[in-house]
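For clarity, chains are labelled A, B and C in written order, and residue numbers in each chain start from 1.
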């Protein structure tokens, strides 16, 4: 294993141990919520990272997959009476399907770069309008899953259990990304990202690879959506498909370092910390957090285009 | 026995006919050169052969098989690989990782692909730069990387597009040696080149393209004294003095 | 409404045509201009149509500065990087507005807002009619600027051939900034015309962003006439789909057009394909 790999693995394991022990040291509900949220964004960010960081296709509408996972699992439970676990599985499937469809359509017609980013946003907006009008998805009122604590219902009375669930999901997602980075699939994706024509000349089929990447990315984002749904038990079109979640999905990886395994986690930690600082200085006003995030993004783009991870590797 | 046969290739871009009824053949195990003045249509012909462009007429046969209009990745998998005149490195990846992308065509496992990449790098003389990011290489380095990457796919036929452009005479000599060794290992080569002494010393067979048409074909010596070729390169007056 | 879309899109098309960047902050600029016009009215009693003399020049300067000293240096010229920079600016502006002015919807009451003018087929609100007329006027002025003045020629030169323009001594950074400034001014004009019959919240820019992009894409990237016409067409489309499908679904019509055009006819109705 290369020196860099060993370093990353050490950091990941170290953080893993840290996160495992958090509930032991954290008493307040507030801080437990903080770490849960941070891990949630680490998961969502990693899903974006697979498509945006490794494959180089930046999506501005990742909420599309997040929301589909959330709505799917809600609809399955509430409208069809399925149990939570099956619904969750179907939710991931639904997300993956939407991902594959979006990818098939956009990549088939060769959309790249900024155009791709905009079209994903447009798709998310279309779904938002649909979810907001369709009675099946609760139209303007959103969907509510009745509270029934118990592991069978994927709901937990105490917040610590939820914390461990998101931690498990994050470990899973990061393990997959770790494998991706060291596989032929990952090598092909980065090749496509760097130079699609050259990749073709070396026998790579960009369409197939990109669709595979977006499907994986969408499945991970849907997983985040399912967690969100089971945690809050409520979703509406604005939260599920709105630009807010899409922006949250890309901030972490971009600030932490796109195209690296650790990037989204570092980004989530940085953003979490920053939001605490702004709350302390300016109070809990609406918009303050994102304002700070936007400024941080500008700073990163200017000085550390490879994100915070760039500091570690000295690449610019 | 011809590994590659292009017959009657025509390629138009709007009102401009870039390639007009061009036919050529590359014999197995030998080095064929495609030369001609700038803008003659050489790279366009390459692009058609390798599947990046679809011809308006004509056919391309590789190893006896019709590959006209197939997609580039497919053609690459069949054993025909091209390099680009304007180099296309995977900038953020290291030299080793770049070449490994080529190795991965036949090697699924990452570790083995990276090991193979190292071997290829040695073959072309790039061991010193293995862990350097591609975007940090000089033009000469990038050209060599392009060659190494294509070589890693274990091609039967290698199309090299001006792989010596911008090299110093010493570098040209090095590359000539590398290319000879590639030929000796059983790979057939088709080169576009401007560096004349390299073309003359390397190639077994030369085609001359001018304004989209093949105007001459033969051994390097025949080509050098062909008046039409001289005219194409140097203009009518030069012929009078030839 | 189509006229407003057209103006917004015109600014966007100019920015895209000259700088080849997709300005994601366009909607946020509109939002800011709306707030500026709003506050001028609320606090200074200045009528929006009078604000036409104040806000657009202000935003021209703002746009100029933004491009020259924020977007250009941070974007490093790379396509996706610049998009991210404009996204960051959009996030900053949107949330600054949210923080300063909260999300309460604000409107202004002008006496002529409900004056309707009979145009034969139907009655149109006076402000909308004025907006339409203004859009046409601006369109003409714009065309004059582009074809008759030195600045216009310089802009067209840079849009076509960046390196060549540099060689003949045109300061490309300056032209970029000027173009961005004009684009921002267009948006500000649209805001002044829009406020009498519309409202402002921090999120108001969102809807317009996508509509503006759709307009530009429909009309053809880089084509100004296309942008104007596209805006008018879209105004009609939105009105119709709103009629049949209801408010929130009406927007879908526009998004779907956006997606479909980008997929199947990226050159739009008039424009040229960008590499």
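Basically, a residue touches a chain if its C-beta (ideal position, glycine included) is under 8 Å from a C-beta of that chain, and two chains touch if they have at least 3 such contacts.
Bear in mind that the values here come from a model prediction, so they are computed numbers and not experimental data.
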Worksheet item: Which chains lie in contact with each of chain B and chain C?
Response: A
Item to complete: Name the most central chain, where centre means the mean of Cα atoms.
Response: A
Worksheet entry | Distance between chain centroids, defined by C-alpha means - chain B, chain C (Å) | 49
Item to complete: For chain A and chain C, let me know how many angstrom lie between their CA-based centres, rounded off.
Response: 32
Response to the item:
Here the gap between chain A and chain B, centre to centre from mean Cα coordinates and rounded to Å, is 43
Response to the item:
Within their complex, chain A touches chain C through residues 58, 60, 105-106, 109, 111, 113-115, 117-119, 121-123, 125-126, 129-130, 132-133, 243, 247, 254, 285-291, 293-295, 297-298, 301-302, 305
Response to the item:
The chain C residues in contact with chain A across the complex are 22, 70, 73-76, 79-81, 83-85, 87-92, 94-99, 102-103, 202, 206, 210, 213, 246, 248-249, 251-252, 255-256, 258-259, 262-264, 266
Item to complete: Spell out the part of chain A that touches chain B in their complex, as residue ranges.
Response: 182-184, 187-188, 190-191, 194-195, 197-206, 259, 315
Worksheet item: What does chain B use to touch chain A in their complex?
Response: 50, 52, 71-73, 76-77, 81-84, 88-93, 97, 100-102, 104-105, 108-110, 113, 133, 149-150, 153
